[in-house]
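There are two complexes below, and they share chain A, which is joined by chain B in the first and by chain C in the second.
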Partner chain A sequence: MTLAAFTRMRFAPQIVGFGSLLLAILAFEILIRVGLLNRFIVPMPSQIAGAFERVIFEEQIAERFYLTMKECVSAAALLAVFGVAIGTLLYKVNILRRATETWVAAAAAAPTVLMYPLFLVIFGRSALTIIMMGFVAGLPAVILKTIEGLSGTKRVLLNVGRSFKLTPWQMFWKIQFPSALPTIFTGFKLGLIFALINVVGVEFLINFGGLGQLINDLAERYDLAGTYAAICFVILVSVVFFIVVERAERWLTRAA
Partner chain B sequence: MADAGRLRQAMITSPAISPVTLVRVTIIAAILLGWEALAQSGLLYRDVVPSLRSIGNAIYALLIDPQYYWNLGVTAAEVGAALAIGGISAVVVGLVLGANKFLSRAYEPYLYYLGPTPKIIFFPIMIMWFGVGPPSKVALGVLSCFFPIALSVAAGMRQIDPVLIRVGKSFRANAWQMATKVYLPAMRHPIINGIRLGLGVALIATLLAETKLSNRGIGFLIIQAYSLFDMPRMYAMLIVLFVLAIGANAVVGRLGGLDSIKRF
Partner chain C sequence: MPAATALRPESARERGDILEVKDVTKRFPTPEGAVTAVDDVSLSVRQGEFLAIIGPSGCGKSTLFNIVGGLLGDYEGEVSVAGERITGPHPSVGMVFQEESTFPWRTVLENVGFPLEIEGKPKAQRHDKARHFIKMVGLDGFENRYPNELSGGMRQRVSLARTLASEPKILLMDEPFAALDEQTRLLLGDKVLQIQQELKQTTLLITHNITEAVQLSDRIMVMTYRPGKIKRVVDIDLPRPRTSEVVGSDAFGHYVAQIWADLREEASRGMSDDESRARATGTRRK
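Now for the complex of A and B:
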């Protein structure tokens, strides 16, 4: 088969992408085995693969995963309640929106995760600090997207509502909110991603909780292969989480 | 003349302070008053909510402290180096992926899905590879800013007007000329937007790494204030840092929105 024919194959890009990844892993294995890379700094990929079993069974990864997810879900619940409520309030009270929308946008750009020492003082070294950090990190995205979604309701839909003489309450729940739901979910998706990043990050930084703490623990024990395996596991969890949230967003957009 | 009259009339009838400004001032005043009331009430542990006066004094002390500027310089240098290394490599990767559909389909999903992972967890690896000094912070900053910039450049590349590319090709421009005369000028906005995103994440990654393990930089000063339970100083540093971060973001954003793309 010629190169041109191969590149025209349906799954050729995926094969090349995955093949490159495998080649890179193989190259690392060879470079470490021949001594070009220091095995006390970079463990062999085969050692990392071997460490997975140990990390999963000896480090209670299921419990840690459950704890991290519990923190994420708590932050998500706070985001859904407070983010959407604040966004709706700002949409309804126009002057409040005009006064504060730039502040919310600025808060989205601020490195709020740096407040974790402050949260440690207020909430203590507990799951509440981690949940609140996740919540604060995701809040601006949910507020801004809720405002955007509610403001973007099509005029024709509003006119239909008016023609049925809907009350403001009915207008909101029957027309504006359902129409804004895909945009609100986009904001919720962003908020969830920020929340997950911050939850795992703060767990690592304060050495408390689930998966983040596992990486910190293994690194402090200088368990190189275990540290790399735990990092790979967290990456895998993040990617799966991201794919699931993205699929849910697509489904919701199609349904709307 | 009539216009001048209307303008004068508008100036007379418009209130000195707009309602929006009034609402903003009211909100700020309410927050400050509430804060001070909470500080004086003793409902929370002493110093968890310090008085406004002590925070003001701490901000003043911070701004006249030469040591603070030295540490700010360290953090700025780390973020700058991270943005330069990560930004240049990301622009190159973004250009390659954006120009080639096959390579984009082969490698871009990896960038797309690795982008939103928490980068701070790579810090133990960075310490092993680059030591406990500034290079490990720079490396973490590079890793953080690479993904948003590369994805933004690749997406921007695909949105270039095909007419511009055809014009470049009709002049028989080589790859370098195409990149410098067509692609990069046409993609200024996505590149600046990517750099804006990259700056934010590089700053966060560098500061977080400094709070974890460092003996210099703003992150180190923040965690030091936490260790000494010097709450007014911690609040002061967070306020100054937020102002600087938001300001830097606004400056980069304004650079991206100055004028529209030049059409040939």
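Now for the complex of A and C:
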């Protein structure tokens, strides 16, 4: 089969992607075995694979996976509801938008994870602290992209709405919001990245359940292979999450 | 010299006019002072008539389109539809825009059914009616496609069907085929002629394309370059029903030449004006 014929195959991108991952794993295995990478810092992929069974059966991974997933879903739900609502409010109230947009943009770049002691005081050492930390970290991205999406509605589409005498409510739900949805989803995905990092990060910092705490425990026991195996589960949470969000985006942008 | 007018001498009721534009002037404020885009324009369109407004770029055609469509206010004069003065968008006036205006998140069927959805028609009823207009513009079989799966010409036909679905008394079209190639434009012209014939649809077309204007219209109103006034009104006495084959006739060529003679002077003025402004901007930058 020629290269051109292979690239036209339906599953070629998946085959290339999976193949590249396997090659990278193999490369790490070789580099560690020949001593080019320090095996006391980076465990061999074969050791990590061997640690999966232990992590799954001895460390209650399913329970921890479920807790981290639950915290992420809760933070995502808050982001979708409040992020889009605040973004819409700022878009509609021009003075409020001009007064706060710079602050919101600055907040997007702020290392909010450092505020975890404050959140601990407010919400206690509970899942709520972790959810709120994830939510606050992702909020600016969703707000900013909601404003951008709504402001970017094509003038001609608004004129179509005006020519059909749409009420302001219809104009928003039938034209502006669906037109802004792709941009809002970009912000939502960005917000989710920040939220996910913060959820696992705060679990790690406050040693409260979930995959973050497991990584902390295993690292403190100097179980490097187990630590990396647990990190693989964090990646799995991220992958599952983004697959779901992408499907929702495809469905919503079509159905909107 | 008094301004030319596209109003006929009898009263509106006697003429059977459905649209009347009377002494309309529109000025836009600019840092250099007010610019008159449309100056004392009067015109009338009778039921079932196809009127084209042609003029060079910057003559205020689109301003007039927006005024008649109710999208632009704060002008002098008055616009009335079937004797009723309009002050904003009016259900009797349907608009087809120059830019691509289909909703990309809706299928062809949902796009065309949009005005019916706004009217609160039940789903089955609006789908039936939407299918009727989709068929009319020749897009049957594409009901479940999204706009990004269609060509530019097909997307403009979706916009046209969507506007027709609202059953307007007057169809306003602002250079709807401007972004299309010449062949597609002629063929879509055929489609518009066929629809106009079938629905007896009163239509006001804004265009800068002489061929398109002559192919489609009963009357053509030629506008001057800024400020936009009516320079001349030409009655097109070509037989109906018409198709794009009419472009090969002697009479068609005669009308095109006649209108170009009027337009040429205005287009040249526009070009010189653009060049002077570009020079002035360049001088200021230096």
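The criterion applied here is as follows: the second predicted complex is superposed on the first by the 187 of 256 C-alpha atoms of A that agree within 3 Å, B and C clash if a C-alpha of one lies under 4 Å from a C-alpha of the other, contacts with A are read in each partner's own complex, and residues count from 1 in each chain.
As a convention for this text, a contact is a pair of C-beta atoms (placed from the backbone, for glycine too) under 8 Å apart; a residue touches a chain by one contact, two chains touch by 3 or more.
Here the structure is a predicted model, which means the values were calculated and not measured.
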Q: Could you look at A:77 and tell me whether it touches chain B, chain C, both or neither (first, second, both, neither)?
A: neither
(Q) After the superposition on A, what does A:62 contact: first (chain B), second (chain C), both or neither? (A) neither
Q: Applying the touch criterion given at the start, work out whether A:178 contacts chain B, chain C, both or neither, answering first, second, both or neither.
A: second
Q.
According to the stated criteria, A:239 is in contact with first (chain B), second (chain C), both, or neither; which is it?
A. first
Q: May I ask you to decide whether A:162 touches chain B, chain C, both, or neither, giving the answer as first, second, both or neither?
A: second
**Q.** Which superposed partner A:170 touches (first chain B, second chain C, both, neither)
**A.** second
Q. Now for A:110: first (chain B), second (chain C), both, or neither, which partner does it touch?
A. first
Q | Contacts of A:122 with chain B and chain C, given as first, second, both or neither | A | first
Q) Which of the two partners, first being chain B and second being chain C, lies in contact with A:23: first, second, both, or neither? A) neither
Q) Hey, is it chain B or chain C that touches more of chain A? A) B
Q) Which residues of chain A are in contact with chain B in one complex and with chain C in the other? A) none
Q | In the complex with chain B, residue positions of chain A that touch it | A | 7, 12-14, 16-17, 20-21, 41-42, 95-96, 98-100, 106, 109-111, 113-118, 120-122, 193, 196-198, 200-201, 204-205, 212, 215-216, 219, 224, 227-228, 231, 234-235, 238-239, 242-243
Q | Touching residues on chain C, where the partner in the complex is chain A | A | 69-71, 88-91, 93-95, 97, 99-101, 103, 105, 114-115, 117-118, 146, 166
Q. In their shared complex, at which residues does chain B touch chain A?
A. 19-20, 23-24, 27, 48, 102-107, 109-110, 113-114, 116-118, 120-125, 127-129, 200, 203-204, 207-208, 211-212, 219, 222-223, 225-226, 229, 231, 234-235, 238, 241-242, 245-246, 249-250
**Q.** Touching residues on chain A, where the partner in the complex is chain C
**A.** 154, 156-157, 159-160, 162-166, 170, 174-175, 178-179, 181, 253-256
